[in-house]
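Below are structures written as structure tokens.
Below are two complexes that have subunit A in common, paired first with subunit B and then with subunit C.
Here is the complex of A and B:
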């Protein structure tokens, strides 16, 4: 059956007339082409706004019965948050926006999909807690970050990748049943991620989240960490020239520049061994320059200087409970930087980071990377040991120059970041590149560059990119990851009886 | 003619990051009061947002969507508060609000405008004010013994709201007189500033009004226009340059009063009633009051604008002077709302004729926010914000116009 008036009325009966629409101008908001993809998304037949898990389950059951496909969406800032063909509806989870609980004793937060980082972070911080927010802007959904996407982010050095901080989840299965994992079932409390037995978290979210999971997550609990710094978030001035008010005695940001990636690697490992710093990141210089400037023109004015001063920058945020602790960390930090041949950049550049501490809270302003036209793509995005990631980073130079030197992609060959996690037990990498939106061959160049990157990983046996779900690409990559794509496919088939429909 | 193609770069730039809907991180305060876009907070669909309007503009530009009554209502329901615009510009080089304006213009030119807006346009055409009240009554409240300076090169511009709130203009007069400022009032020569026409997308009517007013000011040798209306203020600064090259300077009464206080020309009573005030930044006095500088040029690879473009990011709005005045008035304590300055939540007044329920939701949300910080009074300086925010409800908040508060609290010496 295709989408019909009857289906529409059935859905409307579930969510109410106010929370469903098939007006063309309403659908337009969820089908537009964005600059990083070469095509417009197919139009959904309708958009529904459920208000509860039960409504989501009912919608899924109606879709199954009527042969309608669905895509669950919160923010729409990733290409998979759109319809992929005809007879598809969008289940927009925006109205399900409660912070159900923040437990400051056992340090977890139970949230619904519509809760945003800009909402959860300050609530958590008020209680002296924190979590690693993904670099998706303030309107990003923590639930999506933790349960559905890769979600690696810039401030996870003292914590871990979000998937490892995911506790229990509640989801609506493809059959329309409500499944709760972990201690949500056992009343043992959210501090315990799951009951005994195989990890359902892995089954639910897959390795790469939206590309590997089944069902619609309607609640999840995430683990929280203690936060060093004032509970109240204050600032002075008007954005973007604002200044966050921190306790400068206990909070400092330092930026060091390096000549080669091996020295950066040694520094990251040494910092981790000593548990120095709240945030440590080998940053990418292109976004850094974009964040520190306020227009594309200002970027172009400063790019040559900035890329020289911060060609391979290591950003370290020290957060301490006391002056003594900060002084101790500083001493060790400077020793390590000295031993690894880092150079502190001029204070005028560091000051920007001190003023924009909101970056270290929820990675604010990172959308500035879109300022050069919005045609961009983060690739690799895998995680392994710090040394492995640095090796991957170094290998980028072997294939990127064919693209940067010919103008096929933006000329920023060292534009990759390495973010250690769990104090350096492992790290993630991201190679961010851009292409000229006005270049007719832009998307072709983009695809060729992605292929070159993948080939490099396969050739060198690098764990540089997560496996994206199933299919041919996953098969090719899966051999690098103990053939885990076979298991992913089996799980997918077991959980989704509607494959191929 | 509407020219959405001139905004093609913006329309095709959106990556759906959502910054147009949510507070900038530096101002985050909690779960509550985190949204900046009233229509998105109320209607929830992505189309009802800066992002959605760009997407709609894209489809209108490509003719995959046609204008209609329903779309026109949706476009005019947006309060055009500009929060989406300055939030987006914080991280992008895009003109979100200008796209909304152009989309409205395109809708009007296609013949679609909600009835209430049609009526407003007719009122302005017939009686030179948005309410359709007799033009001859515009200044009928002025006392017989009122004297201004007919030779002054400064005009006190009342705006259409003078019909409903003449007390604000009388307060502005008291402030200027107390400060020794020479000014004139245009009386029967004063017509609507044109803000409503421009912002609803009736560019033909707006153009006629703007040209008429601009020429009038020039012919009278007016060098400075002072107004106590945030909407008129924003129109003179950010609207007029779209049509003409204004040669007059625009000041809001709070800018004038703050300067007079600094110069010691205005002083306040010490025995004023205690007030815990929260200041509501009107959109057209705050983030949207930056002067519009026309730009024509080429956008090259990787976003390079040639020639360089002056971006209006809401940084230079009138934020501090109203607060300086409140701090200067004995007995007044200020409490800031989470969404203030450039991130102020709109009062919703702009949609009151098109969708009263949505408008009421927006205003109530603001009063709830004001109550949440422990204020007993919302202070602002826009007659339209006043109509939205001055309500008798569970939040038990008074509303006070700042111009009137200043005049009420002037010391005897200050009133001479």
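Here is the complex of A and C:
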């Protein structure tokens, strides 16, 4: 059955006339192409805005009965958040934006999909708590980060990935049922992600999320950590030229530069062994220069200098419970930096970090990365041991110059970040590259570079480019990963009888 | 009983059993077996005692990879030689399989190193009920085990499914694990153990909540006097003496690592004392009930239990009840156990950074006919009352399955999993809801 007036009216009866639309100007806003993809998405038939889990379930049941496809969306930041064919509606979850509960004693926040980082983070911080906000900016949805997508973040050194922090989950299954996982399965609250026995939590997300293939997550609890530092931080200036300054004698930011990645690796491992620092990361110099400058012109003026001063920057945020502890951590930090041949960057550059402590919370300046007007893409995005990720980083030089030297991508060969997790037990890597989106060959160049990166990883047997997709699409890689594409397909088919339709 | 020596043999055993429609149950630890997960009258036992190789210990990336039959007793000294330690369960039996312990989500002593419930389990190789071999997380690939250059330690995936969670807590119903990678931590260079006594459990669970949200202690465990005496006393007379301790006691250790270890211990000592004084408690570094008790306890907290007989079986037999509680529920549940069974031993272990408590109720008794059944029934009745108050039985053994598998939709969802990985239901049949 195709989308019809009758289907529209049925959906309207669920959410109310105010919360459904098929106006052309509304549909247009929900098929906009993203800059890095040079083609428009097909138009959805309608946009539906449910206000509750029960309404989502009812919508799904109507879609199933009428043969209508649907895509659940919150921010629309990723290409898969759009209709990909005809007879598809968008279930937009932005009305479901309640912070249902922040439980101080049990340290979790119970949230709906439409809650944004900018909404949740200040609320938990007021209570002396924090969580790992993914590097997606303040407008990102914590629920999506934790349950549906990836989620590397800038504070994972002292904490971890969202994979560790997703607790109880409520989701509407593809069959339109409301399923609750973990301790919710026995009405014991939201605090534990594990089912009694084998855990259904494993179906919800793995390294990455599965972008709604097994259902629409309508609520989830995420674990919170204690926040070291004041409940509120001081602001100066007006956005986007603001400063966010943490006035705390227990907190300091240091930035060191290195000449080779193996020294960085040694430093990260030694810091982790001694449990020093709240945040440690080998950052990438291109986004850093973009964040530290206020215009494209200023970027081009300073790029040559900045990329030399911060060619391989190691950013360390110390956050202690006391001044004495901070001094103790500083002592160890400087010992390690000396032993690993790091050099502290000039204070004028380092000061930027002290003035922008919001970076360590909700990464509010990330949008500056888009300022040059090109397209950009993060690749690799895998994780493993710190040593393995540094080896992967070192190998980038073996294939990137074919692309940078010919102008196919922006000339920034060391533009990858490595962020350790759990005090150096693991680390993630992200190779961010940019290209000219007005170049007729830009999209092709991008695809070639992605292929070269993946090929390099597979050839060297590096675990750095996570396997994506399922079934036939993932077959070529899946055979190299314990045939996981076969198991993933069986799981998706078991939980989603409509998958592939 | 079948004794495979490698993964290929495990695959062959499972394929043969599948063809014959025969049940199999895995066994990795030496006796005694407490929970019954490895006992199944409807299945042949697959004993992993010959798969006992320590495959790798990596100091730099801090992990150990061990076959299923490697015991705590064998592994702990090998790790210590390289300056590493495991996040251990409390008085783990020396003959307990390190992999099985982690797979069973046994409570660990150092909550700050536990970010998630399966921690310290990182990756595993398993043979599913189909006979297929599979490796989880970054152990999956790319390429064969030998070809992959990864350390094979990342727990999640491969891809968007968390396969490790299907095996964790599954009591061998999804796949038989042949090896596991376990997270290891730096062996401390300095430490200080505190005894914090209290009249009730709530004061100590609140204190644990305060300390752990700041990641202050390494080991942290709360016990009532019954279990304190039974665990640390070596005989009846010592037990009697140790019952002189306060009704509740927290043992908590702060540590220093490679660099300036004493300085870290001093700083963290101050944090413990400050937190205690805020709630009117004292953090003592000595306990004078027995000579040398402090050293004995510190040694026992950092090793497995190498005594010939388990402390839980000193009277002959025991029954125990394990549950999880959110911090806000813990004191109410403990109070209920105390009121229902005043003589029971109780251990309360903060888990996952202190965001949950594993509560263990222990009943020890003489091994006489009918006694086990009697106490089993007592604990089952208690479990029902605890469940009504919000206790979560995430590791349901025996009759507890009756309490946890009542919600049809989630049970159906779990059965779909079982059908994928063990379509003929040959792995530990009859356990859990399968």
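To be clear about the criterion, the second predicted complex is superposed on the first by the 480 of 501 C-alpha atoms of A that agree within 3 Å, B and C clash if a C-alpha of one lies under 4 Å from a C-alpha of the other, contacts with A are read in each partner's own complex, and residues count from 1 in each chain.
The definition used in the following text is that a contact is a pair of C-beta atoms (placed from the backbone, for glycine too) under 8 Å apart; a residue touches a chain by one contact, two chains touch by 3 or more.
Here the structure is a predicted model, which is why all the values come from computation and not from measurement.
Bringing the complexes onto one copy of subunit A puts subunit B beside subunit C with no clash. Between subunit B and subunit C, it is C that contacts the larger number of residues in subunit A. By the touch criterion defined above, A:383 reaches subunit C but does not reach subunit B. In the overlay built on the shared chain, the residue A:325 is in contact with subunit C alone; subunit B does not reach it.
Of the two partner chains placed by superposition, A:279 touches none, neither subunit B nor subunit C.
Once the two complexes are laid over each other on the shared chain, residue contacts for A:130 go to neither subunit B nor subunit C.
With both structures placed on the common chain, the touch criterion links A:251 to neither subunit B nor subunit C.
In the superposition on chain A, A:179 contacts subunit C only, with no contact to subunit B. Within the superposed three-chain model, A:269 lies in touch with subunit C and out of touch with subunit B [touch as defined at top]. For the three-chain overlay built from the shared chain A, the minimum Cα spacing from subunit B to subunit C equals 22 Å. Within the complex formed with subunit A, the residues of subunit C that make contact are 60-63, 105, 115-118, 132-135, 137-138, 140-143, 147-171, 173-174, 183, 186, 209, 213-215, 257-260, 263-264, 267, 270-271, 324, 326-329, 352-356, 387, 390-396, 401, 403-407, 409-410, 413-414, 416-420, 432-433. Only residues 103, 105-108, 159-161, 163-165, 177-181, 183, 185-189, 191-211, 213, 223, 225-226, 269-270, 273-275, 321-322, 324-325, 328, 331-332, 335, 382-388, 391, 422, 424-426, 457-458, 460-463, 466-470, 474, 477, 480-485, 487-488, 490-491, 494-495 of subunit A touch subunit C when the two sit together in their complex. The touching residues of subunit A, when paired with subunit B in their complex, are 19, 21, 23-36, 47, 49, 75-77, 92, 94-95, 99, 115-123, 126, 136-140, 233, 235, 238-242, 244, 294-297, 299-300, 356, 358, 361-362, 364-365, 367-368, 370-374, 410, 434, 436-439. Against subunit A, in their complex, subunit B makes its touches with residues 12-19, 21-31, 34, 44-49, 51-52, 54-56, 58-59, 65, 68, 70-71, 74, 90-93, 300-305, 308-309, 311, 313-315, 317, 319, 341-343.
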